[in-house]
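The structures considered in this document are given below.
Both complexes below contain chain A, partnered by chain B and then by chain C.
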Partner chain A sequence: MVVNSLPFLWFFIAVLVIYYLCQQRREIQNGFLLVCSYWFYTQIDWRMAGLLAILTIIFWLLGYAVEKSIALKKERAASLYTNISVTIGIGALFYFKYLNFFAESFVAATSLFGIHLSWAAVQILVPVGLSFFSFKLMSYVLDIYHGKIVHERNLFDFANFIAFFPTILSGPIDRPKPFLKQLKQSRLFKSDSLMEGFRRVLWGMFMKMCIADRLDIYISAILGNYSHHSAISIVFAALLYPLQMYADFGGYSEMAIGIGQMLGFKVAENFRRPFLSINIADYWRRWHMSLTSWLTDYVFMPCNIRFREWGVNGTILAIMINMIFVGLWHGANWTFFVFGLYHGLLFIPLMLSGQFFKKSKVKTNQNGWPTSRFVMQMIGTYLLVTIGQFIFRANSMSEVWGMVGQVFSNWQGNIFLDFATMANAGICIAALIYVDIQEEWFPNYKLRMPRWSEPWRWELTVALEILAIVLFGVFDSNQFIYFQF
Partner chain B sequence: MERNDILARVEEIFRDELELDELKLTDETTADDVEEWDSLSHIQLVVALEKDFGIKFSSREILSWDNVGDLVDCIQKKL
Partner chain C sequence: MLKLLKCILITACLFFVFDRAIGLALKTLYKTSNATDEYKISYSCETTRDSILMMGSSRCLHHYVPSIFEKELGMTCYNAGDWGIKNIYFHYGLLCNILERYTPRVIVLEIHPSEWLALPFSGTERAGSLAPYCGMSKGCDEMLKLTGKYWAYRLSVVYRYTGGLPSLMAGKLGTMDRNLKGWKPLEGVMDTVGVKAEEYPFPLDEQRIALLQRFIDTCKERHIQLVVCVSPMYVCTEEDAFRFPRELAQKCQIPFLDHYRDSSFINRSELFYDFGHMNRNGAEKYSRMIAKELKAVIH
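So, the complex of A and B:
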């Protein structure tokens, strides 16, 4: 059941009605939400719902054990339980996602030294959303260990946090403190948040169906058959790919956040106009923010603290580890490793020049627009991101080299353009860029509308979004790119 | 060392490291109140504090501070 499908729509309408019918009793509302989340998860992957429940209980018990040990001043025990929880979390990820990859890489590495081992790849079914909910589980115990939160006494509330259906498949990765706090508050029917949530869901559908899925037709045709295409076509398709990724994952995130909002929850934000970034550090503060902020807190900061005596070199090392983690988090493939390494390396000039340590602020002219220097920086950042995404998209490093070879050898051919796709996508991309620019530099600007229509602003916006989806959308429910992670 | 003296010295170190001559710290000050105090400058501050007071913090201590008061308490325990 994909989020932008009819079965989900019926499911969600039924959920909303019952959910707000029991709004006077928070315990019942929370219980109902938990049932819905597990039902939703079983629809996607019924075999793994048991694993989700077992991991939830284990981490809940570990959280209790850590808190108890700290209260009894048993530092070592607290540290031990925390390490166990990290080991289970990473261990589950390792087993389900990386076992074959590391075993095969190890066999390949040993063969370089003349030792011939063999590894028969094991067929392992990866639980959907594991990369997302395992991070939530680990952050819970780590936050208790660091004194940021107290253990949640109510197992069902904790299970609700882990299994929350709008975000279980692909995030955003919520943090325990703000989410658990919301579970303790009553969530009454509020038309404002319902309307705003619905508008965000539609905007997400627009991004996904009108931009991402439309661009996918063109980009897959080119990059999926790169050996038949000219250099210029490959470069053009590669330049569009970051936009596809943004529209796909950003669109999904908008829908998840909007659905959460309709249920009365404030879900973590995931994207903040990433292509208006002026350097790579700025980009990572705006792209998949719930993952990067998680890694900043639980990987980068501990590494940086450990290496603090080494000054800038220590920070560089911490960033490299962090970015390789970002890459490998997406899956077991050397392309993801190289993608992470590439981004890590891009940070080094920023750190050596000191720019990394300063908050980047864009200077604007008297009309509120960024100056040309910053526009150039944004274009430069987009190009750097494109190279990374090019590696990210490929199925293997040999495919990357194949495409690079094609780019440098086949300059004769014409550009392949599918005008219908380009025109459709172009109009929608223009709308996306318009909205991003307006939110970034002109947050108080409101499109002037005839006076009679002012009270109908929301209705008109929603109608326009639906119309755009109907006119420009691709309707064969393409899977979201991030579901595979 | 008195708690107030520690706070004054911490304030001095923050001013030097963050290049903010006017900075005033209280027990309740958090990183959200000082724009220049982010996760990166935090590490520079930790190194400077350790050097100045001649102490060492554990990772857990560093990650558990919520405000300047927590930090000062932690230093006081170690002196």
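So, the complex of A and C:
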């Protein structure tokens, strides 16, 4: 059951009605939400719901143990429990996602030295959303250890935070403090909140179904069969791929945030117009923000502090480690490692020129538009991101080299263009660019509508948005790219 | 709560009005389009009153030249074949729509070996091309129900044209020449490098077989003479790919004109555009030949 499907719509309408029927009793409302979240998870992967529950209980107990140890001034015990929680979190990720990858890589590495080991790949079922909820679990104990939050006494509230159904599959990765605080507040029915949340859900559906799924028809046809296509087609498809990723994952995030808002929650933002970034640091401050901020707090900052005596070199090392984590977080494949490494390397010029710590501020002309220098920087950043995404999309490094080889050897062929697909996607991409530019540089601008229609602005906009999805959407594709991570 | 309900109600009303208005505009564009799919389906459903109808997929679209049949048989003819791996779900829905308006005298059904097999592609979804004519006939609606999207087609007129706006806007620039009465000639000669016969390692699909039987029965009820044809391929498999439709045709006493392995076409690349489709020369040669055969079997 995916969020842009009919079964989910019926499920969510039922949830919403019952949820607000018990709004006077917060405990019942939270309990109902927890039941719904687990029911939703079992619909995706019933076999792993037990693991989710067990990990939730273990981390809740560890959180309690850390807090208790701190209260009793047993610093070493607190540190030990924190380390255990990180070990379990990383261990679960390692076992379910990386065991085969590391074992096979180790065997390959030893064979280089003449030592011939063997590894029979273990068939492991990866729990859906593991990368997302394991980070939530770890941040909970780490935040208690660092004194940012107190242990949540109510196990069910904690379980609600971990299993919150709009975000469990593909994030955003919420932090414990703001989310648990919201669980303690009553969430009463508010029409405005519901209507605003619904608009975000619709916008997410538009991004996913009208842009991501439409582009996927073209991109998969080219990059999935690259040996049959010309260099120019491959380059064109590669240039479109970051847009597809943005529309797919950004669309999912919009839906998750909108659904959260309809349930009375403020879920962490995940994307802030990433392709208006003027350099790679700016890009990572706008792309998958909940993951990058998590890794900044729990990987980059501790590394940076540890390496600080090495000055700039220490920061570069911390960035490299951080970016490799970003890459490998996506899965067990050398392409993700190279993707992370590549992005890490892109940070070095920024570090050496001192741009890294500067806040990226775009200069605009008198009409509010960015100057040509910044436009060029945005295009440059997009091209750099495209190279990274090109590696990211491939199934293996040999596929990357295959595609690169095809690009450099087959310049004679014509570009393959599917008119209907490109035209549909083009119209919708234009709408996305319009909205992003308006939000970035003209946030106060409001599309002028006829005076008679002003009182019906929401209704008109929603009706037209639904119509746009019906007219331009792809209704046969249901999978989100980030579900696999 | 009241505010929300009011908003939902107004939104639903606005959606309904916009949907009908835009749907009407799309329908107009659809009818006047010269793009292959749109023109073939709209002309077949709404305009043609010709005595002989050719039905089938791309091999029908490219292989049957109506002017040759008209000359040979002295009857008007229209090629209603449409590309896009159309199958019996589509053909049956289209037939029912056509029969709502008039009854042709003869129907030539061009078939392909894979049409009766449970393929991983080209299933019930092919009937979705008839979505703009949802509600035109019971048979068409029945086929649309099989796609699983029938309720959505009923709910939204715009959904019947989903993804089709750019093609409809550019419809006037489409490549169909209306003077050719549905025939779309292919120009050029095939490249024979690496060409090999298609294999069909799939089981028979009972649902499709039942539908072919219904197609035959419907024609009989309306006193339409049905002729089943198989046009030549550049290369063919050794297996007897047409055993089932041939046996069914024999059982129902329907002429079955099989040129699948016709030695005057097979391996003659100058008559083919690709391994499964003849070019203009091939189509004209085949049409002259089959028109004579039809003359002998039509009564």
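Heads up, the rule we're going with is that the second predicted complex is superposed on the first by the 484 of 485 C-alpha atoms of A that agree within 3 Å, B and C clash if a C-alpha of one lies under 4 Å from a C-alpha of the other, contacts with A are read in each partner's own complex, and residues count from 1 in each chain.
The rule is simple: a contact is a pair of C-beta atoms (placed from the backbone, for glycine too) under 8 Å apart; a residue touches a chain by one contact, two chains touch by 3 or more.
The structure presented is a predicted model; accordingly, all values stated were derived computationally and were not measured.
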item: Superposition-derived comparison: chain B or chain C, residues of chain A touched; value: C
item: Touching partner for A:Phe475 - first (chain B), second (chain C), both, neither; value: second
item: Touching partner for A:Glu27 - first (chain B), second (chain C), both, neither; value: neither
item: First (chain B), second (chain C), both or neither touched by A:Asp418; value: neither
item: Contacts of A:Ser191 with chain B and chain C, given as first, second, both or neither; value: second
item: Which superposed partner A:Glu309 touches (first chain B, second chain C, both, neither); value: first
item: Chain B versus chain C as contact partner of A:His146, first or second or both or neither; value: first
item: Chain C residues within the chain A interface of the complex; value: 1, 3-4, 7, 10-11, 14-15, 18-19, 22, 125, 149, 152, 156, 158-159, 161-167, 170
item: Residues of chain A that touch chain C when the two form their complex; value: 189, 191, 194-195, 214, 419-420, 423-424, 427, 456, 458-460, 462-464, 466-467, 470-476
item: Residues of chain B touching chain A in the complex; value: 35-36, 38-41, 43, 46-47, 59-60, 62-64, 66
item: Chain A residues within the chain B interface of the complex; value: 79, 145-148, 296, 300-302, 304-306, 308-309, 311, 315, 356-357, 359
